[in-house]
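Per-chain numbering from 1; labels A, B and C assigned in written order.
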Amino acid sequence: LKLIDIANTLECKIYSSLEDKEITSVSSYKNASETSITFLSDNKFKSLVEQCGACAVIVKKGETVPNKINLEVDDPYLGYALVSQLFEDKQPVFGHTVHGSSTIDPDTVLHESISVGPGSVIGANCSIGSNTVISACCVIENNVSIGKDCRIDSGVIIRSNCDIGDRVIIQSGTVIGSEGFGNARDGRKFVRIPCFGSVIIENDVEIGANVTIDRGNFEPTILHRGVRIDNLVQIAHNVEIDEHSAIASQTGISGSTKIGKSVLVGGQAGFVGHIEVGDGACIGAKAGVSKNVRPGQTVTGYPARDLMNIRRVEAIQQRLPEMKKELKRLRNEIEELKRIKNNG
Amino acid sequence: LKLIDIANTLECKIYSSLEDKEITSVSSYKNASETSITFLSDNKFKSLVEQCGACAVIVKKGETVPNKINLEVDDPYLGYALVSQLFEDKQPVFGHTVHGSSTIDPDTVLHESISVGPGSVIGANCSIGSNTVISACCVIENNVSIGKDCRIDSGVIIRSNCDIGDRVIIQSGTVIGSEGFGNARDGRKFVRIPCFGSVIIENDVEIGANVTIDRGNFEPTILHRGVRIDNLVQIAHNVEIDEHSAIASQTGISGSTKIGKSVLVGGQAGFVGHIEVGDGACIGAKAGVSKNVRPGQTVTGYPARDLMNIRRVEAIQQRLPEMKKELKRLRNEIEELKRIKNNG
Amino acid sequence: LKLIDIANTLECKIYSSLEDKEITSVSSYKNASETSITFLSDNKFKSLVEQCGACAVIVKKGETVPNKINLEVDDPYLGYALVSQLFEDKQPVFGHTVHGSSTIDPDTVLHESISVGPGSVIGANCSIGSNTVISACCVIENNVSIGKDCRIDSGVIIRSNCDIGDRVIIQSGTVIGSEGFGNARDGRKFVRIPCFGSVIIENDVEIGANVTIDRGNFEPTILHRGVRIDNLVQIAHNVEIDEHSAIASQTGISGSTKIGKSVLVGGQAGFVGHIEVGDGACIGAKAGVSKNVRPGQTVTGYPARDLMNIRRVEAIQQRLPEMKKELKRLRNEIEELKRIKNNG
């Protein structure tokens, strides 16, 4: 890649003499070579970056590093992400082809820009957008719609009637459109409630590995634009996650709960069903959320409570042994006062 | 479907003039059409159901909704479940056939009513009951027995020697018969203990997506009749779950623990190994269960304790800051009393 | 198997008249037959083992069981593990062959001792060691190196550029080399950071089912020699787990965290990113570890604290209701003392 291409991506200026300089990789300061570009997003690494092998560095405007080609931007970490994407290998893992060992239902027509890896299965009446890459051993059942420029990694299963937008990434082993955990009871026996809804995944959503997303009942389960889901997350039927929210690994969201826009959820958090989490809320790792969360609120703990309150209570909990001793001392002193009084 | 078929399923009476009325879907009150049937399981929705588009409604006996065809039953939610099953599409996703791209060992003979989807693999000496549907890219290893009328969704893996009953549903990505996490130690090195047992899944069990169920050692891991397992649950070697118990998502049950009949377990709960949970117990979401639980007991928290006790303690925890202040006030007042005494 | 083979494995002596005795299984005392060998690792089972059907028993040196052939060792549980491995069926599930329905890239050459099951896919430029068994429906992407004597169970996915050592076991549904959960932000939008690193899994590592291990960024994610990972564990990008550590089910380790040697981690534990856990530390089940852990330290709870401290605080928490009552009594008594004083 030429430096000018990188500069253009970052919308920053470089000397014209540098435009043709070849950059071969984006690197951390630890493993940079002479043709690497690196970044400085935290000034505590400044001297390390200065001493590292990279010829170029993405820096915050005005905070240049000596002896490097400086690409000045508002947010070097964002710049690093954008440049990384330039260096990404976007070739389909198993080539630009529909592999002969895949099984495509004759009722599904694939545009020639679509790639399907070995052993993958695509059912009837599916619609798949241009340049989408389906890797190996995927199962796309019937009536599934997938947009353009998607990346469906090896071993993904998308069950019937689900609807995936453009530029969506779904990583290996993830199951989209499993049936929800709904049961009525007939005496001691459970009676399954079939789910007639689907899953809708909007544009620019990215989903990790071995995730499960249940189809809705009546209405769909929805992940809105730009949502990020980490590995091993469980999303139950009729959950709705609004734009640009991010859910870290092993979190579980129970049925019909609504997560607002730009909500951040830590790992291993759990949400009961039928609650609402307001826009911009932050949910701590391992939090057990059993009630609505207000927009912008930060909650943590189990049961989840406001962060400030939790911290205060936790701090005092650590002093419980001391409080217990103080209670005993007070008791003794009062007994002494009463004894004196009675004797007085 | 004709209304008479629905009425027969619910064992309730309708006017003979209504018997031939066509019902095309079961719906919630939100998305009901003129040919829908809906249900009223909670009276707070009565006016919404009354105003909705559905022509028919499943109601509790004696609690009819005006201007609708009322189907009166003891439990409308159960009625809704039963009617939903009538409307379910039970066709095999990839058709009533053994797909040409599947691999069936010659030592396994399949009855013609069995369906196997594209890319699935069935090993030697397997026995599969009539009408069972195995979807795409499943792996059934050797000596596996599967009963009749089962639904094995795409991407399920059933390892050798496991035994699955009738009418069992196993959803995508689930692994049955993985080896347990058993290790001896030789100095600092772990030495694996191979597991010689199997997994037995009895009739009418339903298992979600991306679940893992380890084979037992010596004796089998057992899920008894009617058990329900949600997505991403871990069931370790030699666990036994008795009839009609339900385990919500992301719960983990450690080796040799026994769960009784009709036990309900919330999401993300964890159980240590070698304990017993009595019949009818309820285990709260995120509970960490480290001891036996008595029949009928409700426990929650970490470590799990009786619900009533936990709630009482938690309520007081929130008042710890106030208790700490009160302690300090009492200290000051006692010091004042002692000062007066000494001066007195 | 002849008894002499077992004795040789255990490095213990038997009478030469017993050398040819046939042993057909290793069993627990509950299901032992006349040709079984069992073990006694805990003396409380001594009378049960004595009465059981097994002809031979592995015992601690000097603690022989009457009327059995005794194989005396330092650690009977380790002896049991080693003998169990002798009885293990190590045949490839789908036979010693590269199955015709598998897809092997022409740029990958397989030694004839390697087995590949039906429906598996192996990409370009892979290197696979002798006697390694890849079961059914696995996907090995491009430039993957796998050592010798490995067992890759059905449905495993190993993404491009990962590096697996010798004698590694990876169980079904596990994903190695998924992309990490790294995002920069551009206003409200997330911008994905592609991961250029790999996953390195050293010799003798064993990994359970439906695990996810993300590839590193720049540097690899590493599991060192002899590590044990249970089912449904999440290992994020750039995590490093040192030799002979064991991680129980459903635990999650966030990005760049380093776990030392011989660390034991209970189930459903969680680790924040960028921390270090010292050699020999023990982490309790469900612990939420948010800070460095010292070598040899035992922590538990959420947030994780030293075990001794946690136990002390928890014990007092249960007495909070009593403490609250005592506070109120003290308040009343002080008020009474003050009243008397003022009246005095």
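One rule holds for everything that comes next: a residue touches a chain if its C-beta (ideal position, glycine included) is under 8 Å from a C-beta of that chain, and two chains touch if they have at least 3 such contacts.
Treat the numbers as computed from the prediction; the structure is a model and nothing was measured.
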Homomeric contact subunit B-subunit C: same or different residue positions, threshold half: different
Relative orientation of copies subunit A and subunit C, as a Cα rotation angle in degrees, nearest 5: 120
Whole-Å gap separating subunit B and subunit C, where each centre is the average of the chain's CA atoms: 26
Numbers and ranges of subunit C residues touching at least 2 other chains: 101, 119, 137, 155, 173, 210, 232, 250, 268, 302, 317, 320, 323, 327, 330, 334, 337
Touching residues on subunit A, where the partner in the complex is subunit B: 101, 103, 119-121, 123, 137, 139, 141-142, 155, 157, 159-160, 173, 175, 178-179, 181-186, 188-194, 196, 210, 212, 214, 217-219, 232, 234, 236, 250, 252, 254, 268, 270, 272, 288, 302-303, 305, 309, 312-313, 316-317, 319-320, 323, 326-327, 330, 333-334, 337, 340
Of all residues in subunit A, those that touch subunit C in their complex: 25-28, 30-31, 75, 77-78, 80-82, 84-85, 87-88, 93-94, 99, 101, 117-119, 135-137, 153-155, 169, 171-173, 204, 206, 208-210, 226, 228, 230-232, 243-244, 246, 248-250, 261-262, 267-268, 285-286, 301-302, 314, 317-318, 320-321, 323-324, 327, 330-331, 334, 337-338, 341
